[in-house]
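Next up: some structures, all given as structure tokens.
Each of the two complexes below includes chain A, the first together with chain B, the second together with chain C.
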Partner chain A sequence: MSRRVTLNLGFEGHLQPVTVVIPDDEPTPWQWGERFEIVGKPTPRVDGALKATGAARYTYDISLPGMLYGAILRSPYPHARIKSVDLSRARRLSGVRAAIRMDDTVARFAGQEVAAVAAIDYETALDALRLIKVEYEELPFVVDLDMAMMPGAVSVFENGSNVQRPTVNEHGDIKRGLAAAAAVHEAVYATPVQTHVSLEVHGSVAEWDGDELTVWSSSQGIFTVRDDLAVYFSLPHNKVRVITEYLGGGFGSKFGAKPETVIAARLAREARAPVKVMLTREGEHLATGNRPDSLQKVRLGADRGGKLTAIELVQHGSGGIGAGSGSAGPFLSLYHSPNLRTEETNVFMNTGPSSPMRAPGWPQGCFALELAMDELARKLSLDRLEFRRLNNSNPVRALEFDIGAKLFGWKEKSAAPKSSGPFKRGIGVASAAWHALGVSGPQAQVIAYRDGRVQVVIGTQDIGTGTRTILAMVAAEELGVELARIECQIGDTGYPFSVPSGGSMTTPSTTPAVRQACAHLKEKLLRLAAPVLGAEPSDLEARGGTIRVRFDPSRKMSFEDVCRRIPGDSLSAEGERVPNYEGYRKDQAGCQFAEVEVDTELGIVRVLKVVAVHDAGQIIDPLTARSQVNGGVLMGVGYALFETRRMDPQLGIMVNPTMDDYKLVGPLDVPEIDVRFVEVANGFNNTGVMGFGEPAHVATAAAIGCAVYDAIGVPVRSLPMTPDRVLAAMETKA
Partner chain B sequence: MAQPNQTAHCLYLRTKSAYFRTASGERIFDESSTACYTCLKTLRPLGPDGMPADAQACHGRERGCFEEDR
Partner chain C sequence: MKHDEHKPPNSRSISRRSFIKGAGALAAASGLVRTPGADAGAATSSGAQEGIVERLGPDAQTIELKINGEVRRVTVEPRETLLRALRDHLNLTGTKLVCDRGACGACTVHLDGKPVTSCMILAIDARGHEITTIEKIRIKGDKTGLFGAFVEHDGAQCGFCTPGMVMSLAAALASNPKANLEDVKRAVAGNICRCGTYPHVFAAALSVARDTRGGGAGES
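Showing the complex of A and B:
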């Protein structure tokens, strides 16, 4: 059964009524201009104190009686045949309880897991690793993108080319578009391999009880880890339980059962004892995934008025022994051109496999496209922001350009004369987009107890974005109670199903299920209150900690008094996330402005300020929302200026797999960050939420790249923009 | 995400989008240029036959190591 509701969709000044069909048991979606008591108000995290005091339990903190500690032996060679693995001496070491080898006969990157042991303590496990004898036959390797593409290059996979079949997207006629252009810009842009560097490394604690497996995992998808383990060990899904109470980040690298989780479970089965395997930072850098690098040949053409006539990208990138290096997303969606062609080619090499990383492909593509846009704007003598406005593909972004430009002072800063001294300031702007509508599937249970407590139970996980807070706010809003009354139970596959926290899907996928469950619970509570208040349930509402008569709010009962009328111990209701309705727009817009100061004598870039303007549908908690944008911007500063995986071409190994050598943003590198949200009524689900963990990261490095170009008058076309690259670029200008 | 390809893929093939399902319960293999594939059997981006795992190669019985999704 379904019903029709009319929603005002769009954004300020561009709202229009749209009739959508929703299931009968779905609460009426929150509307544009809805008056909330809790939603939309800055709210500190409900578990902030637990995290700050160390009381929150991460996988790293799990300790079980009789637990053993696992360690992993990794291939020192980038390419080698594994002729034999002798575990016997390791097994004989006192304190060692289990030893296994991986099934591979070939190591294809330095850092690939070869064997593992479990022992009574970690030091003994490390000693045991040294006793494992592996006979390798070294093979030729390639760890450089250019070399991997050369004819006759070493093959990563037997008898196969490293260069995969390209993915091509096109419309119009790119040759005609370039011929019609008044100005054409062509250049090659390069981006490095970036690793995730989650604060909590990958790892799991595994414990068997007969044929039942329980795993505490540092994972962004408890159900996906459960399902993977069930398939791997040929177990029914109900024999596997996965728990992630708290998670120290994942950024896309912790979706399913990764090698270390399977290793923990295999060791635990052999040892008949729980085993904990947490990776070292080095293991983390080598083997748990990364953002692929890229070489992007870009050609843009525009007419005299500044309208793009052609956008072309020919891209190569490497996900190591994996795929997924494409970067065309921004080229396909940020700006309109009647003629467009993108060609993306993944190239294999003997380095660790890629994995999804915060907006896969987009920061790479955005950097190349936006810097090329600036270079073309300069040829056309156009203001760079105006050039983007002319070609912008999204009406929400047009408003965001206006908001951001005013806040940033684009006009004033553009007109300011450049310093004649060694410190040059520059400004840049870049666009972002994403598509985080959420998906159906999640289910939630909400329980009201006789003492007035309310429990929200859902098998999602908090990747660090404040999931407990968000869900509690939605529940408190729907039930009309104070936030402190809500307790969220998440992070256990024993709870109702939810989807992994990735693709910016968590909030738009889970909040509608929780809200629907709360709406169903509210119906039951209203029925309890109705006879006492002498009204029909349909005439009652839950607001301000009471259940009251809508047209006579003086007739009311406190929420606690209503709960005391629960006949048993508790009252519960379920909800589910239904498929998306027909909404406003499936894409989300954003833009970021950056100001930098470049020391032209030393080549050092400092980011002074970033203004980030994004839409995300209905904002539940502006504090956690802002926190996500801050995180996205900081990750972007690191990508722009510092982060890169460095490979030794002679040895084929990563030379900076530590926190000392892999350069990250530090406290002194943090710019002033000003965040603004544009409220967009998108109408895809009952809370109107869209996710934005990823779009907040898309544009930052690009905006910084454009600002550096503005500061020094010459583009730095390779990331990271390290001092040597900045100085080299300036020399070309000289 | 691009339009899902809902035809049969190997039981062991994994990629981010395939951890989500369509409204009718199918795993989503979007064949995006940013998709990172893993074979759950080998825990690597390659199958037991030593060749790369991806949505096209791990689809259908032509590949010797293919196993039907249960």
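Showing the complex of A and C:
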């Protein structure tokens, strides 16, 4: 059962009618130029006061009667056989209630979980860890990407090469493309390992009731945690419940049940008491994931007119004992070239496993490609923005270049003479792309109560993007009521299914389900009101807190009056996120401009200004949207200038697993940030929403890298651009 | 640019880099370099009377802490931090544990009105001081307008750094109600936010300061 609707798709000045087929019970998609009462207006988040006052309850804040505190013993060695683990002395310590060892017989990175204990307080648990006797047989190791790739390198996994099979993408003929080029640029670019540093560390509180397990987890995917635990403990899904009321950041590191969650549940089972395991900051840096590093050999060729004839990437990167270090995304999608080849190779080494991190692979690829673009533009004596315009792959980005350049003052800043003193300014621009259209799967329930309250119930979680607020706004809009009437229940696998908060997919995946549920609820409410108003339900609309006759709005009932007629206590309806329709464009564009000032004597880079212009579908809340882009930009500033996991090559351990030695962007590093959205009617779902948490982070470090090149006249081809690297690059010039 | 006038181009004389390197060595040698937080440490070493070394521990013992105007008895080991005492023993979980070594500001409380990181103070050393946590500010109502401003300007994303930010700013605005953008940045310089919410935190604080200034002149 389906119907056809015609939607105006595209963007300002480029709209065209497109007929799409949608299921019968799907509400008519919001249209370009739709007039909203709530959606699209800057709205403070509904749980803002709870967060500001410390009343929001995070996993770390959960306290249950009789709850024990867990702690984890980690391997001090990057590679070792675990010959024996003696828990007996730990078990005998007063106050200790459980002690377990992990199943692994080999530790492959310093920080791998070896054993764990639960005790009546945290200090006792730490004492108990010191009493665990582990016999290790140290093995040779490798913690450096270059060394891990060498022939004859120590194997991270038995009988296997560290260098995995490459992933190749190719079209045209790269050799011919390079031969046809008027100018070719070739260089190697390097990016560091970045760790997520969620402020709330990973952790869980686990409680058993017979064979039923309840887990409060600091997770961005409650259903994946549930599924993992069900598999681990051989339980049916309905015996495992996972709750994440509030979440102190995740950035991709908090999908699924990680070791600490399994450990909490195992300790709780052994102790017959609830157990809380929250990691130390060191454990968080070592074992919960990271963005892989990269070495990217880039070759670009262009003809005399500035058209790219060849794009080539040969990339290696290490996700430690994990995979997924590829960085080809930007090479495949930002710029056109008739000849293109990318080769991505993951390399194992004895460091903690990678996990997805805000636009996995993209910031590293974008940095290499965009700095290479600037180096080639210089050879061709082309304006760098013009060079990008010539090769740009997306019409929305063309508009974004114009908007950004004007806001940023690209022309004026380009023309400004360089200072002759030690402080040099520079500007840069870089492109972003993403594909956050959302997925089907989420389901929502919406309940109206006799007292006029409305509840939205959906098993999603708020990673910090304002999910409760956004869903409440969509519900209020659809039901024509004020925001305060809506209460959102999220973060519990007892609620209808939703997808993890990742891939910038939460809002485009959940809002259509909530809207459909509200549309179904509205039908029921209109049927209640119809006889009172003496009209057909189809002639009624819900708007302005009333149910009213569309052609005669003076005939109306308040929403509360309608709710009073609900038989029983409440009226409920369900909705689901249907598969994406055939929409406009599957790729989202964006671009960012950066201005830096480089202290050429001290090598210190300061970012002065960033202009971020991004595609968005229907923006639900411009206020929280801007927060997200600010966050993406600032994480990019840190990636460009400060952040790096440093390994000691002799000991194989991370030397900066703290927040004083691993440098994040602080308040004094914040540049002026100007955020602009270009609304694109994409037509993939009923709210027209697209996500942008990730694209906002893709281009920042690249734009800063290009700006530094502009400032000092030599490229710094390795991130982070710390003072030593800036000075070293300048030495090569002199 | 102003800096440029001080020095001719391509000068090979003393650069600021070599000057700072030299000055740093000199300062260290003359004992000018002090450990951050040394003052806070001195202020908290109460409990012992002059001339008498107080022996505590290693076992837990019951101490009294004055928290949010109320005397609370709590049984802690001498090695436990004020932060652990607040969170694990008194269930005052608004104060957050993030770095556990004074590097991020998430555990900021007020000790005698001054912002301190509670992960760097032992619970026993907080005896005899007025301890104020985010809960007090919550219960006493929003006199400063700071909470409202945080909500209005979206000063929180995941929200885990937010109570610490609020505590730092509450202290700063109490001592300097007319703070400007630079003052605000300095006030939260030790508060780290991974979500990158800083611009909206600045806006929230400035809106309060601006109200105090009577709608005065405008940083953005």
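Heads up, the rule we're going with is that the second predicted complex is superposed on the first by the 734 of 734 C-alpha atoms of A that agree within 3 Å, B and C clash if a C-alpha of one lies under 4 Å from a C-alpha of the other, contacts with A are read in each partner's own complex, and residues count from 1 in each chain.
Note that contacts are C-beta pairs under 8 Å (C-beta built on N, C-alpha and C of every residue); 3 or more make two chains touch, one makes a residue touch a chain.
Keep in mind that this is a model prediction, so the values were computed, not measured.
Chemist: Check chain A with both chain B and chain C modelled on it and let me know: fit or clash.
Modeler: fit
Chemist: Which holds for A:G324: it touches chain B only (first), chain C only (second), both, or neither?
Modeler: Once the two structures are laid over each other on A, A:G324 reaches chain B alone.
Chemist: Which holds for A:A52: it touches chain B only (first), chain C only (second), both, or neither?
Modeler: Second partner only, chain C.
Chemist: After superposition on the shared chain, which partner residues are touched by A:V262: those of chain B (first), chain C (second), both, or neither?
Modeler: first
Chemist: Looking at the overlay, what does A:V163 touch: chain B (first), chain C (second), both, or neither?
Modeler: Neither partner.
Chemist: Write the angle, vertex at the C-alpha centre of chain A, between the C-alpha centres of chain B and chain C, to the nearest 10 degrees.
Modeler: Placing chain A at the corner, the angle measures out to 130 degrees.
Chemist: With both complexes superposed on chain A, which partner does A:L64 reach: first (chain B), second (chain C), both or neither?
Modeler: A:L64 sits against neither chain B nor chain C.
Chemist: In the superposition on the shared chain, how near does any CA atom of chain B get to one of chain C? Answer in angstrom.
Modeler: 21
Chemist: Help me check something: in the complex, which residues belonging to chain A touch chain B?
Modeler: Residue positions touching the partner: 102-104, 106, 108, 112-113, 157-158, 160, 164, 167, 221, 224, 228, 231-232, 252, 255-259, 262, 289, 319, 321-329, 344, 346, 348, 353-356, 360-361, 435, 439-441, 499-500, 502-503, 505, 579.
Chemist: Could you please specify the touching residues of chain A with respect to chain C in the complex?
Modeler: 44-45, 47-58, 60-61, 63, 69, 121-123, 196-201, 246-249, 251, 278, 280-281, 419-423, 463-466, 601-602, 623-624, 626-628, 630-635, 658-660, 664-668, 670, 673
Chemist: Touching chain A in the complex: which residues of chain C?
Modeler: It comes out as residues 1, 3-7, 9, 15-17, 20, 77, 79-80, 84, 87-88, 91, 93-104, 106, 133-135, 137-138, 146-147, 150-152, 154-163, 166, 185-186, 188-202.
Chemist: Taking the complex as given, what residues does chain B use to touch chain A?
Modeler: Where chain B meets chain A, its residues are 1, 11-12, 14, 16-17, 19-21, 23, 32-38, 40-46, 50-52, 54.
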